[in-house]
């Protein structure tokens, strides 16, 4: 029995609330159980310096956590004056994951900045962020298509992410904080709507992996992402 | 007619959602119309260095704004590596306002850190933050009283804040972003439940004030705060 | 009897020494009793990025305190690597106060940066700074007018500031450090030469305010500023 | 044919020069072809604050790159005043990889800081760093064992890392800079001497992965690490 | 003829105004012509961490320049968030120069922090700062001796500094800004009251030095310092 | 007898390994005994902002020390977020020393950035850095001449540096770390190939200098630099 009482291949309750805030071109409050992340997609009619004049766009992400999103209060990164290594690692991962399903040439010379801010944390904040980010991005791009700024859809397919790990030797899906703390080893998988892997990150803590274990986790991840893909589509009304 | 269509002495729709997040000892999502601020109160069993061994507690506040809380995206302060002067000014004001109604001796040697994070901004974020902060603080202190960590209530009375200003020569209450941008002069008042002023900040932009104007604004502020006090009490079930 | 032995409505000895340093277009060493602030106004033939090409100028201020301006040595902000919230709050106030009496269109596309550095502190450094800043600004603008860079005077009127507060229930003017430490509540008023209020900031510490108290402080502030206005004019030879 | 002319499963020339610098308790200059990383292991008789009094030690890593280690000069991180997200991501990976093979309880209350500084970069700096770090760590721990500060060996097994990726649809081992730039997708594997996976990070750029591809890369990684393990042992004289 | 019209071996007008500010244990406004530096010496009853429990004291210095001390306004270091290399170089030099004439054992476990802030700059700010620093230090130490905190005088002798350089092939003393800008090569000498050299820094710009030139500059420096020593003694009433 | 057992006028073993890294236009690993500094010269086809359009080039230097280059590990400057005063002082000295022998007009509108990174420290890192920097610069400039980007050689002569100091009253050359720690006073001299002094920095610690001592050190420095000049020429094949 896993700590959460869920079946090994059972996701937490998934919820995508599109349009949670009104200023952003796209927004979504995503919940993976008690993990809640507010995602906004902001369209900017300029690209970063390294892309100027190259005839293509850019998609990038920033990640943050409210100081009391967690069990005990963490220091505010703005007050400390720098983003932690963990924060930077996560926001780089979110950005790469989104770019994997976007044709940057079709986006034109504009940038979409996706902000993922964790309102409440209970494990899997980065996977919830990636999954919600696709919804916010989809909404923002739909607005550009509807407004005629884009004529062709630059988003090739969906992208979603989920964590998996071993708990007491059993492969389990979508770990919450308690399960994550006790997991011998775990990983995050980012998959596309056409079933391809775009990112996989596995870390052994205590226990190590072998091929067999890796494939079992990947199989679980596919199951989880299938469910996420379905909810994403509902959220964007497709 | 004011831009929002409201009567001069009419507040925006007020909403306090207590317990919006689950980890913090006290939390509240406060809405003044489209302005929405998530406030958490975190109890820490230690005091800052300058108070160690002095037999009293401390209440302090931090303020932040999600990058796309506003009409156009602002830079993330954590990424820039510093908090703006505006941010620091506001969080100092929130902290002073709360301390004005707390008996720090009765709090014991513990600190309550109140985080106010703006989810969506439409004018008056600091006044919404102060008003919501009292609710989060009240909930956190009630938990300390219920748990026996405190025997006497350190909160003397309520505290709330509201903005007022002159729009086309008319004194109006609780300015939204559009009204604030057009106001000739405006101010923020922080009042206590027993009707005293704890902070008043007035700034003339374009038009200047005289005593008469100042008193008219103050009268409006009293009306607004009376309404806020009522909603605060409902939110904390009193 | 107030601690300083002064009458309740008595300012400290005021002194404005124009031209205290020779490189700045305008400069002034202002003393409010033992509080001494060196102010320089520097004319720059460019405006900040957000104003480029808008056909108007800008006036801004920076504030600093020498490490041993105070009773005990404070850390040097340049060594700590950041300006405190208090410093930023004060320099924003000085800038707004000056801009309240300047027609930025008449200034042309140039910026005047006013630096206020506290040489010695004994309470009221921000009010002395604002009062001295007007003198330095006036001198710099006179130089622009004399040199033909400006044809019309962009300064509409004078601006001055003074603090007031309650000491043992009595409203007193221009608090020194000792009085400020013991004041139940106090505030800073920024007034223009034509008697209008441009900024008012009141903070209750211990005692709170009511309308009556607020008006008594404002009345004192008017008396103090009248005296400051007179000395400012003498300093600039008008 | 891969750009480097190597066979798909061929590593670059490997070289470990133990004792490259004389002050560190352990040091090693590791070369994976033209990629050269200087690694030092420094023993400190204290642990970080979060471990004080817990009866265990710590192993951590820092990573840096000399400004002209690369084809075009990069800015010096010390001059910019912060470490990039990439730097932090890599040094966290190195630290986790080393801790995966160390029994921190047996290390006692001391810390070993492993510094990995890239002298020359040609792809695979993080995998060379991890592989060299084990050698420096082994030397430092041997010194502690010889000196009697440790009675039991805290290092459980070897650890090594290598990159693999797809080039023109072919799975290739140990990518150099040119190959890495052209790879459709690639990854880094960190394996232990007893053949377990401790870290796996895969990123698709352009092409995506499937299980089959993932397993092919893993198989190559095993081959590469076997060779690295052999050279590590030679370097430490075992 | 040198630009300033002075004789080659002529110092600018020297002035030491002791007690310029009232809070510091020692203070002095020193003028070398138009170069004016405010120096304060602050006594702290503690030593930096590296000296704790070693039975000796410490003397250290910090240096700053008001933004408009110079011909054109420089950025405020506190606003930029860091001290320039030049600032750090100068404050390290001032600290070493003072420590060269102080017996740190006799000072006891206390620190004297000397702040040198340039009010107006016209060349030679570091030499004026060192020369004025001795006066402020002397006054602060005299206060400790008079108050009985010290029983023996820790100051062994005077210390002063002056610049010299070559202008059109002629060795000249105490360069002002114009002369410094045109000098082919110049240097700063720090000498003690008993005629010994404690610091010498020479830099060739355009022209280089030889032994002969070096000795000519040193001879001028001795003449200049003799005059400074005399004025220092007058300033401290000895 | 000096601690190192060397004769008073004996340099440590000198070694210049040109071309130590392959990406930089010029590079050199310089050893003064156990002090080893890796120097690279990077050619950039642009100049810093203050020189744009002035028809001249620039040579600048940066200095760093690997954390465990020293006996005990120092903090990584990139992790601390700032360069120490010592680092900045040294890199400014290296830059000035190189510029003293380069005709910046002949360099054209390009910049050469010289990075000096200390791999292992045993005293005299700045003098080794300057001496090695000339070699790296020479190689980079030779490449520009050979490639036709430059038609005239902008390097006027060689430049080298060495330290000297008094140990037990005896003047000794090229101090190692132990000797430097015990030296009563010491200095660094930067000399050109035509025997002129471009920089001299002398600091008395404990003992002071007189003219006689200064000249003895200078004489030693000439002897040391003569040997360095010879080795530099060998290294660049001239």
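Details
In order of appearance the chains are A, B, C, D, E and F, and numbering begins at 1 in each one.
Following the convention adopted for this analysis, a contact is a pair of C-beta atoms (placed from the backbone, for glycine too) under 8 Å apart; a residue touches a chain by one contact, two chains touch by 3 or more.
This is a predicted model, so every value here is computed, not measured.
The most distant chain from chain F, with centres taken as the mean of CA atoms, is B.
The distance from the centre of chain D to the centre of chain F, with each centre set as the mean of the Cα atoms, comes to 33 Å.
Centres computed as Cα averages put chain D at a distance of 50 Å from chain E.
Shown for chain B are the residues in touch with two or more other chains, namely 81-83. Around the closed ring of chain contacts, the path that opens at chain E and continues to chain F reads E, F, D, A, B, C. By the touch criterion given at the top, residues 82-86, 88-89, 91-92, 96, 100, 187, 192, 195-205, 208-211, 214-215, 218 of chain B touch chain C in their complex. Put simply, chain B touches chain A in their complex at residues 21-24, 27, 34, 36, 38, 40, 42, 44, 62, 64, 66-73, 76-79, 81-83, 87, 113, 115, 117, 119-121.
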